[in-house]
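Okay, got some structures for you below.
Below, chain A partners chain B and then partners chain C, in two separate complexes.
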Partner chain A sequence: MTWSYLLKRLAMFVAVVLLAITVNFIVPRLAPGDPTAAVLEQLLSRGQQVEGSQDIVAAYRARFGLDEPILLQYGRYLLNTARFDLGSSISYFPQKVESAIVSALPWTIGLLAVATVISFGLGSLLGALIAWPGSPRFLKSLSPALMVLSAIPYYLLALIILYLLAIWTGWFPLGGAYSQIPQRFDPSTLWDLAYHAFLPALSIVLAGVGFWALGMRGAMINVLGEDYLTLAEAKGLPKGRIFFAYAVRNAMLPQVTSLAIALGTAASGSVLVEVAFNYPGIGYLLYNALRSSDYFLIQGVAFFLVLTVALSVLILDLIYPLLDPRIQRR
Partner chain B sequence: MNSLARHLATSTRFVIANPKMLAGLILLLLLVLIGLLGPLFIDVRLAEPISVRTNQAPSAEHLLGTDSGGRELLAVFVAATPQTLRMGVLAGLIGVLIGVTLGLVAGYFGGWADRVISAITDTMLTIPPLAILLVVAASVRAVNIEMMAIIIASLSWMFAARVIRSQVLTLREQSYVQMARLSGFSNFRVIFREILPNMLPIAFASFVGAVSGAILAGLGLEVLGLGPQNTPTLGMTIYWALLYSAFSRGMWWWWGPPIIILVMLFVALFLISAALDEVANPRLRTSK
Partner chain C sequence: MSGPLLEIRDLSVSYRLGQLQARAVDGLSLTLERGERLGIVGESGSGKSTLALALMRLHKPPAMIESGEVKLGGTDILRLSKEELRRFRWSEISLIPQGAMNSLNPVLRVRQQMADTIRAHRRDLGGKQIRRRIDELLQRVGLDAKVAELYPHELSGGMKQRVCIALAIVLEPKLIIADEPTSALDVVVQRTVIETLKDVQAQIGAALIMIGHDMGLMAQSVDHLAVMYAGRLVDVAPIKAFFTRPLHPYSQMLISSLPSPDETKPLAGIPGMQPSLTDLPSGCAFNPRCPVAQPVCRELVPALLELEPRRRAACHVAAEAYHVV
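Moving on to the complex of A and B:
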């Protein structure tokens, strides 16, 4: 891994995070009136007494330092965000935004990570098998079905699955992540968690599997035309070894690149899936924040989404040269 | 006139010979017709809230029932489908325009312009669009269809820019382009007369992709309740249905049709862009 590659990726990461912070900083200031007025108006428009509203306004004034020059405000904002000080939630005042996010985060990461790994692995394998000349016929006929599946967005698929498997048949729970708040980890708790996570995970897997299968099929077709594959066959290597070690291994490289790009979509998609299933992760937190106009919570969640995806992309970028030594030369 | 007729004939033959294109176009046409012909038979004003009795199941009077806000749902779908399409097409157009311009500049001129544009494109690609959309839409609040399209387009031009740039890189080295440059034609003329016409299939393919992406992004905003409040759209209908728990109340006529229409729309756009991809990238054609 060369230094310039490393520096370039790090710079990209910093740029993405800076952009997200800057958008968070600028957008509320573009709206007419100062941010405090906007917050107050939102509180009033909800037509309810908010306990300690004086405290909230004071907290905002201090946070924004509204009478200071704009650059100073920006600097302060950057510094606060860098220290993960994202302000206080309005609906759950004085709970801090970052602590609300941290308590919702494990649910989202667990769901998204497991579902993405399954859909990436399953999709890539399916795509490879569809392109492989030696695989059975029924696999090839899967191709159109996968195409249609990849066209349907996460959220719509989640609603369809919710109706079919939870409401109509009643096989799975309507939503939530557990029957009772898990106290300790024993087999029955784990079973309960898995039972609740199944449908949201299924939506993410089904919505993603077609995309990965189609990408892998394309990459496989290119690899299968290469000379080294003919040579491997002429040498009489076992079919399984040619498939995995020669074809799939090389066709996987573009898949890993797409993984970096697809993560952003997957994160956005899973946010909406959580809303459909009332799954208590970041997405559900966001939905509640939107419904109660909890502006700092919305900003915090958005920033966190960007941060998580940017971090994953950075890690993928750093792993990539290990998978494909050719990238070092660039 | 003659060449136009020939063009039409070739495209018709292409559409008929390509089942994906044909199926996609038929689906899309159906959806466009809902918006075009629907208002002739159905009173679209009933899509406004409090214009009919609430929570009615489908009947002879209200073919697709009514919702809890007192809208007739058939009228809502007739009014909403073209709005959703319009938002998508508008956002797609703006996005592709930005993408094609940046891709052309980056690919044709190369050098630092390419480096800067490519760096911005790569960076923007890794940002989850929903995150930025949320912040903007949540603070603007009263968005309309056009604003939504602009916001979405500003976050979705990257795919077009990438595709166009790599296409320009290969076209630039073609002998006829070299010829034109050696003949002393201006860059402007080379780009618009020699390169651009040859990129139309790819630009169109990325346009279709961008429309589909924009509708998807719009749907994301709408189901979170950030869509236009006064214009009926398919996503907002689903949002209201979820908000009034139409799912557990068994009001399938409320959330079922918008989901079906949206699925049809996404499948149609996907089929069309897959067919266009095959034209632009002949390597895919060999593998059925």
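Moving on to the complex of A and C:
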């Protein structure tokens, strides 16, 4: 890997993040009106008298720096964001937005990232086996079932699972991530965490497995028609070698691209799974922020999501040349 | 061992699509001596590639072998079990495939693709011996040993085809099947690649079946030529006799359609089209296009008869001239 390639990718990463946070800055300011004035107007419309409303608005504008020139505001916003100072949450006041995100982060990574990777691995393997001519017949009959799974919205799946395995049978907890806040990592704590994570993880895995399997099946069918597969068979290679090193290895390439994007969007994409299972991750945080119109928190989470998508694409860009030698590292 | 190296007897391969059945190889019989070079020519869809794949049992559904026998050195290929077939492939018959451009796995280095082939058949060889063998083979086909460390996309078309040739002789098989080995290359590279192929084939003493439709290339590279038309062999002859005195009317027309540097007459094509395999004319499949067709040609399918030693033709008119009917 050359330095210029690395620098180019890093520059791209910075540019994407910069663009996203700029949009994050501009969009609220494009909306007509003024946040403080809006609150006051609401009070007025309910017939309440507010003494000196003009002064209050002005005071608030000064307090939040809204009376300064727009470029100065932008500069300060950039500086604060770069220092991960995302402001204070309104609904969790006086907690800072960044600390709210940081405390939700391990749950989301632990649940969503792991479940997405499991779903990806399982689905890709299934899809590869469905397309492989030598695999048993029952595997091929899975194809329609997987298509149905990929068509069911994941939050619906979550509700069905919740009903069947938690409410009806009572095998699993209804929600939450732990029985009591974990103090240290010992086997029983880990077991408790896994026990709570199982249902949300199951719904994410099931909702995703069809998507991954269908994608992989398509890619495999394409690869199986390639001349190098005929040659691999002619060479008398063992079946396993042909399957993994010739077929799967090539069919995986587009799947890996999808994985990077899926990991990046997992947090926002599975908001409702975290909500359905009361799981204290980023999605749950975002849901609460939206419900309480906690603008700073919404902005903070949005910034964080952009960061994760950009970061996972950056990592993909860096490892992709290792997976596909045709991609040049320049 | 005595007798011919390869004996194909009455081989039929057909594609089945619902009610339709297309017999791409129809009752084909052929023998090949050790070290012999046989060219098989025919128009697109005449069944020559299907034949090549069927000889290694590499055909995929909906193609299926209906009947026949393919014996190589006494082993009936069509009766081998899966594992026997796997071991048989490449160690006895190797293939230089049609699309040399896409015949190499894009994500593996040349060395890895050659080494896995050796390892699949020769458990007795160690890593060092395999390394040395690969380097030596690459040099034998006119490539630098450094090519082993490259990925296929870093090679030119001619280099890829040379790698495929090196790969084909890696286990010193008794038979090499080259399915249009040079169709994707330009004329100059074609020449050198064919020379390389002939050299290494002669060195290891393997027989060669070369499939193609370039008559000029065939004239320079094979000992015998077989012509396929609509799934059947219609003419088999030593290469020199084939060109000086073709027996089958189709062969005559193929030769007269070749451009010649001495004459300035306009090129003669062969009017008409090869018939569809699902809707063959009655009698000889070539009769609608044949300039000398007789009434009998529309009724009876001509048998492939030995008209001269080592010369066979499937034509009523030619057979009559030899009084063998």
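Assume the second predicted complex is superposed on the first by the 281 of 330 C-alpha atoms of A that agree within 3 Å, B and C clash if a C-alpha of one lies under 4 Å from a C-alpha of the other, contacts with A are read in each partner's own complex, and residues count from 1 in each chain.
As a working rule, contacts are C-beta pairs under 8 Å (C-beta built on N, C-alpha and C of every residue); 3 or more make two chains touch, one makes a residue touch a chain.
Quick caveat, the model's predicted, so the values are computed rather than measured.
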Practice task
Using the overlay on chain A, decide if chain B and chain C clash or can fit next to each other.
Solution key: fit
Practice task
Give one of first, second, both or neither to describe whether A:156 is in contact with chain B, with chain C, with both, or with none.
Solution key: first
Problem - Partner chain(s) touched by A:282 [first = chain B, second = chain C, both, neither] - result: neither
Practice task
Applying the touch criterion given at the start, work out whether A:326 contacts chain B, chain C, both or neither, answering first, second, both or neither.
Solution key: second
Practice task
For A:241, decide between first (touching chain B), second (touching chain C), both and neither.
Solution key: second
Problem - Partner chain in contact with A:204 - chain B first, chain C second, else both or neither - result: neither
Problem - Which partner, chain B or chain C, touches more chain A residues - result: B
Problem - Overlay on chain A, chain C to chain B nearest C-alpha distance, Å - result: 11
Handout entry: Touching both chain C and chain B, counted on chain A across the two superposed complexes
Key = none
Fill in the blank from the handout: chain A residues touching chain C in their complex are 226-228, 230-238, 241, 245-246, 249-250, 253, 323-326
Practice task
Under the touch definition given earlier, write down the residues of chain B that touch chain A in their complex.
Solution key: 119, 122-123, 125-132, 134-136, 138-140, 212, 216, 219-220, 223-226, 238, 242, 247-248, 252, 255, 259, 262-263, 266-267, 269-271, 274, 283-284, 286-287
Practice task
State the interface residues of chain A toward chain B in the complex, per the touch definition above.
Solution key: 12, 15-16, 19-20, 23-24, 27-28, 30-31, 38, 131, 147-148, 150-153, 155-156, 159-160, 162-163, 167, 174, 217-218, 221-222, 260-261, 263-265, 267-268, 271-272, 275-276, 286-287, 290-291, 293, 295, 298-299, 301-303, 305-306, 309-310, 313
Exercise for the section: Note which residues of chain C are touching chain A in the complex, please. Expected result: 53, 56, 58, 86-91, 94-95, 97-99, 101-108, 116-117, 120-121, 151, 153, 164, 167
